[in-house]
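What follows is chain A paired twice: with chain B in the first complex and chain C in the second.
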Partner chain A sequence: MASSSKDSFPTTSNQENPPDELEPGACYESILNPTDSFEEFASEMSSSLQERNILLNTKSSTIHEIQSEIGESLKENTQIKSTKSTDDLQGKEESMTASTSNSNLIDQSEDDTDNEKDDYLQSPELVNKEKHVFILSSAGKPIYSRYGNEDKLAGLCGVIQALVSVVEEQNQDILRSITTKDCKAVFLVKGPLILVAVSKSNESETQLVLQLTYAFNQIVSVLTLTQLNRIFEQRRNYDLRRLLSGAERLIDHLLIFMEKDPAFLLGAVRCLPLPEKARENITSAIQSTCSKIRDLVFAIMLAGNQLITLVRMKKYTLHPSDIHLLFNLVRSSESFKTAESWTPICLPKFDSTGFLHGHVSYISEDCQACLLLLTVQRDAFFPLSQAKHTIAEKLRRSNCLVAINDALNRNEELPTTNPLKHIGIPEIRHFMYKCKSTAQLFTSDPISLDKLQDYRIRHKEGGDICEKKVEKLSDIDYVRNYRQFCAQIHCMSTPAKLIFRSNSHDTILAWITHGFELYVTFDPLMEKDQAIRAVDRLLKWIKREEQRIFIMHAPTF
Partner chain B sequence: MEKRVVVGRVRPTWARNLPEAREDDDKSEQGIAVMPHSEPPSPTDTWEQHNKQDDKYDVFGKVMLLGDSGVGKTCMLVRFRDGTFLAGNYISTVGIDFRNKIVTVDGLKVKLQIWDTAGQERFRSVTHAYYRDAHALLLLYDVTNKISFDNIRAWLGEIREYAQDDVVIMLLGNKSDSGLERAVRREEGQRLAREYQVAFMETSAKTGLNVEAAFAHVARSLVAKANPVDPSRMAVRAHPTQEQHSSCPSCS
Partner chain C sequence: MIDVKTKINSFFIFNSSFGPREGDELKRILFYHPSQTSPDAQKMQVGLCEAVVKFMSTFSSEPCEALQTQTKRYIFYQPEKGYWMVLVVRIPYTTKALAAIGETQGDVIDPSIMHDLLLSAYKMFKMFRGPFKNFSTDDVYTVCEHFFNPFIVSKSLTNDISDVIQGINYLPLDKNSFFKVLCFIDLLEVNYPHFKCISFIYNEQLIWNGLSTNDMLTLYQYLVQTLLPKQVEKEIQGGAVTAAQRHGRFIQPAEGIKSSEDLEKLVQVHLMREDDTEIKQYYLIIYRTMSATVSFTVDVDVELEFEMFRSLDAFIGPQLSAIASTISEQCTLHALQTAQLAVSEHKFVYFNRLNLAFKTSPPINKLHPSTSITPEVLTIISGIHSDTKSLGNYGEIIIKTPDEYWITGKSSNEREFYVIIQEKNANLKEIADEVRRICEAQMKGIFFYPM
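Up next is the complex of A and B:
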């Protein structure tokens, strides 16, 4: 990086699109909440102790709003009661499984003498990892560790809890991060939980906070914030692992997913590139089938971590981070592949106080597209199951399944399969584009499912820091390089508008306007004006193909 | 409180599907078929309309698989439905999964609508909601896991509280193929089953031992329940025990 040079020059008018024309991928109505990926987390980072407490307690319930809108006040009452009865049960279930967790804990503590515990922090399971994530309760009880066994990390959790509470109580302040020579430790206190990331990667503090927030949201998504808070109000020393059993897998996958997918970095959603007509057919198949199901809030079709279409109830949109949690749920649950499932899902941004009920199923055996039908009604399984079969039938008849499969298998004939070749700018090695108003993302080399699998396997084995030079960079590696530029562009104090950096490895251009964010990797030693010309052509291509690579409509039921 | 509201909706569906009762039912069902979208129908209604079209069956029953996480509920179901064993990877169920299969007992076709539940604690409230509609419950424990066996009493308590009174219950000790790792003896299972007056079998989803037999027993009980005057009504507990002796070398 010795030869790197950083420039920030003002954007001239001829680079920007004429004001009357929308930027590529933009449309007037969006299915997603447009977000600035960092705004929120930056505010998270600057909030004071009091604000934090207030924030957690003022949440209105969208689900109740919908229920009352449908005129189901009676149902609503039963809903409330049912959550109450669930609580009573918890007491009962506690006695039921208490023996389980107790005996586990006893076994473990008998195994370890104090000496072994000290050594455990030095064990190969934990040493030399690129990034650790620990989650503990504010009482200091371990809940989750990315590597190793959290039972054996009780000592470490005690230290973390002490650090956080000393700063809080003695200085009336919040501990945000500790930076050492090669390592960052970032702390996030959210409600009754403490989340910590210890990283040796090039991610910025904000990016790590973002990841911790996602991990927190993942926990909320399986429990709801209401339940989470209530549990710890009743028993501060509760062992949350009992309720999260089976969900560790979701957090594991989410952390890996965040490392490899730029969607998290930019707070945007990837769409599966499809011919305009095919996407229209799919959307109308869902609309016509579901239009009369009154309690349906969202119908989402996705495949391989990419959105195919989203039909929503009027007035309600989804936040990209909620969609990411849905992607993660579908990706990490093998059991969805074999049967129709009915599962409670809490979408923290949509409504963190309650569950939506989701009918989850794959469209057919020969198509990896997954359909999620989310409703506020807890016994709507059968109508939704029927709707799913009707939709699948319609899609088969209109050849949409073939179109989806082509896109998923990255059929050579599609222009979006190998966009760089199709555009014909040989100097560009990789690019990543986010349309801000619709919160959608496109990269030149979207990672295929098999590659993702490889990455998973590699990470299962280690997640160790390795210095090996890779021959051919993949999407993941490019995105890894963009991280620091992304951090500079979203920097709170002195945000950059345009960054151009050239060295002997490559040339990187990062550019943010009111409408989009663009990151491009060129061959090394590119001239600035040459790069700008290439970017111009690139934007024209995206504009031309926008109907294919983005979802340009915001359909409702 | 809420559970009573829903219990009111449950009707003995298996009885209405018996051959002699069928004709009237078809007519009444036709009437309902126009309105499924105008008002969300109760789960059972929709189900029947949907299936009238594709296949014929004489008796219909909702079966649920229950038990602690990891005792092999999904494996049991996959073995029964597809005849295969999910070896190697542990796939934990999220919420509840739905499958169905038709079995023939004593010349009658019994449609089993099988709900596979997640054993994890956090899904209990979801699974409770579905107990009350169930006609039969298969309650599983893992013979290599004493805790899963100890929890059976709590499960039975919940069943008594949430399920219909006349629900068919069957206790299954799964993973009976795992010889040395066994932590629960067959007699213990039998004793517990006798105490609660439920049928009992040891099964193995891995080898397939008693899997068909367990579901067949459930199907037979549903037939018997639907048609109480049927002279061929069998002795509920005697049957599985016989099969157990003949085909399970590890526990004799």
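Up next is the complex of A and C:
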């Protein structure tokens, strides 16, 4: 964890990073599992066709482990669930007819249906979009399309399925991507599903594959991988949309979320900046209230796509991508605001084979913080509801709700509200910092609630490609610019440790060490020594404020 | 050196409109390498490519460029509407997949090199055979067979910087020598008005260019990579320089021009000269004395007589050998001077997009491929070179790799300058200073901003 001299920033002196000091934001124990999504991606992408099929079914169940540890087998529970789902299937399958077959590729592209499809693809609903995402079953049945109506895209899905299967069956290979000068199509086959992104954005292939993996995980989070696999084992032609009603909205939101928030780019979680004392109070309120509840695995408090605290069962940590799915769930579901909810949630990285049960509620009407209590116990709603009310009461008494609201509303007096102003380096226009060991992220533009709203309104206009004259870059534009730097730094064949690029628009520095990743945008044509000094000061500031902007403890029940 | 033949999985050209009906799929395939591939396998590959092209056309108006699978990369190029050239190369999706196909990182050729190979294959075809659409459906199969087979077999790549950035190596001369070359060319044009577009090459370096830059690059590559190495080999085998060689001879056509029958063997090229509005056909004639090579074009409509060439030979021969010896002296002198300059262990590359001028350290020499540029560094440079947008009109990028290479790229009004430094304990500022020193020493008078 300690940064070695090899990794220290090429400053004139190396004294800033004595070997025993941790990089800003690092602590010895992390609530998050810092496995890099890039590493994971690398291992997945390097698997061959044969290996891929084996991989999917060999995960052990963490939930099962917890349940047996608590000494209470929930076997009957899973049984109920599985019988229920098979019932579902049988009822629905009868009305289905098998349609897709592995017909010859060339024939298919000359089909009549193909012409219809072409027409539909040129319709205003679909044309000129920056990024399409299609999800289909390996039999070629449409499941999800980001734009337009899946039913009308059956022809296109047939072509995608044919392309994938020709490469697999006749060439013994895996289709990865197709590119033109302005457009990339990226293919991902995961279990019984085929996911495709067709993008004209500046995202790299790897970044697009990661987004598709998220979309797949979102589906798993609704169904569990076990159920998903079983459905298609029983009926290859099953129309998955029957089971996913409601999940389309989650995927829609997730796709927007991924385009806007650097958390996905870096595989890290944003924390709501809070005074150290306030976060401690919140954590201990949860700990003291929940310590008696045996089956509780995670208690998570979040607000506006930012983590406030996470209390966990000993031994278990959460992966950032699971937390992102929780953020997405909370943000996409208005119903959580009106009532306490009890919902099954599968966290794919934690355990893709089964559901956790979640008590989800907002802390109070005057505070936008949301509390999730995740348990392996199916009928724990009432004890958890009781616990939530106790926690809410404690937080109100200790003034924590005020602290959360101040942070969310970006109270002018907080140093983290406008970090650039507080740091006082005028040449820095924007930065983002990821502490690798804890998988946490801080940027110079903390999210506020009104901005979140803004994403959604803006996206309602349709995700079209538009040529706009840029006068002042928004935060999202800065993040957009970092994409290619991030791609190069994490490139699998030719990675970079440091990139300094300066042109007439801006100067961007991207730098990765053992401990952190840092991306900074400066004024154009910045001098190198000036940039070095600015980065030094920036790192010192982050170190000084680390207790506020990161979660530095890994509390357990 | 990398043997292209072992890297190329297949190379084919197709046009879907040639066999529109089912059952006629083989007619769509104009050329397929390796030719022993079974017709079914050929049809399958071409079918896949047709489907891929069609699939992408629903999303993008730009033509398809590449298809990546786990182990291979299909590189697409559509030089003329409907005609597709596809190169299938063993370039795996990830480095970890390398082991699976039994390769190491060093063996992998950068995709951009392969794309350029496809481009130059077509440009060469177009120069010496004309565009595809000129051929009837009866001829096109044999023409492609005769042209592309030898092309693939003869091609070798070095995975060197000169393959990533394709440019022309110019020979710097002092004013007097340069003036002599110019006078010679002017005199020739005045005395033999049919002989146009005269270009002058010494060894492998260009001194004067009479063609448009694009055609010149193709002709230059043909001369330097194909024609001249063969000549040099012949000259070396011939032992001592014969009298005929001292006086020079026609090397294109290959057997020289010794009688009027030889005029039949003149090579035709398809070029667009500066005052032309369309591509026209010309005879290409190349003359060589010692290390100096001169090329000219003659309009195919001109009545050629053997007498004309004999008098040309008599005119050029003595003059050219005099100029060649002057230049040779110059070069020796210049070599001595550079040897005295402090040798920098850092590599640099200069490239000018306008005149394709290309300069590296040490001078490019195909016989001694530079081993010091690793494939990873090459890929990074190729990335900077192809992404012209990110540096804009003027800009600079410095990239540090995990194995302590610092790659600097500068761009200033279509000029590019790259420096590769391997330095363990350097910082950004020190690297920038070193690059500035190299730039000042090597590129005197060429201005780069930011400094």
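To be clear about the criterion, the second predicted complex is superposed on the first by the 495 of 557 C-alpha atoms of A that agree within 3 Å, B and C clash if a C-alpha of one lies under 4 Å from a C-alpha of the other, contacts with A are read in each partner's own complex, and residues count from 1 in each chain.
Following the convention adopted for this analysis, contacts are C-beta pairs under 8 Å (C-beta built on N, C-alpha and C of every residue); 3 or more make two chains touch, one makes a residue touch a chain.
Source: prediction; values computed, not measured.
Colleague: Between chain C and chain B, which one touches more residues of chain A when both complexes sit on the common chain A?
Modeller: Higher number of touched chain A residues: C.
Colleague: Looking at A:Thr521, would you say it contacts chain B, chain C, both, or neither? Reply first, second, both or neither.
Modeller: Neither partner.
Colleague: Using the touch definition from the top, say if A:Val198 reaches chain B (first), chain C (second), both or neither.
Modeller: second
Colleague: Now for A:Phe382: first (chain B), second (chain C), both, or neither, which partner does it touch?
Modeller: Touch status of A:Phe382: first partner only.
Colleague: Touching A:Gln218, do we find chain B (first), chain C (second), both, or neither?
Modeller: neither
Colleague: Quick check for you: in the superposed arrangement, does A:Leu175 touch first (chain B), second (chain C), both or neither?
Modeller: second
Colleague: Spell out the part of chain A that touches chain C in their complex, as residue ranges.
Modeller: Touch list, chain A to chain C: 9-12, 42-43, 45-46, 48-49, 104-107, 109, 117-118, 121-122, 132, 156, 159-160, 162-163, 166-167, 170-171, 173-183, 185, 198, 200, 205, 484, 488, 492-505, 525, 528-529, 531-532.
Colleague: Please name which positions on chain B make contact with chain A in the complex.
Modeller: Answer in residue numbers: 1-3, 5-6, 36-38, 40-43, 45-47, 50, 69, 74, 78, 89, 91-99, 116, 118, 120-126, 128-129, 147, 150-151, 154-155, 157-158.
Colleague: How about chain A: which of its residues touch chain B in the complex?
Modeller: Where chain A meets chain B, its residues are 78, 81-83, 85-86, 89, 92-93, 95-97, 99-100, 103, 222-223, 242-247, 249, 292-295, 329, 333-336, 338-344, 358, 360, 377-383, 385-386.
Colleague: For the complex, give me every residue of chain C touching chain A.
Modeller: Interface residues on the chain C side: 22, 25, 44, 47-48, 50-52, 54-56, 58-60, 62-72, 93-97, 100, 105, 108, 376, 379-380, 383, 390-402, 426-430, 432, 450.
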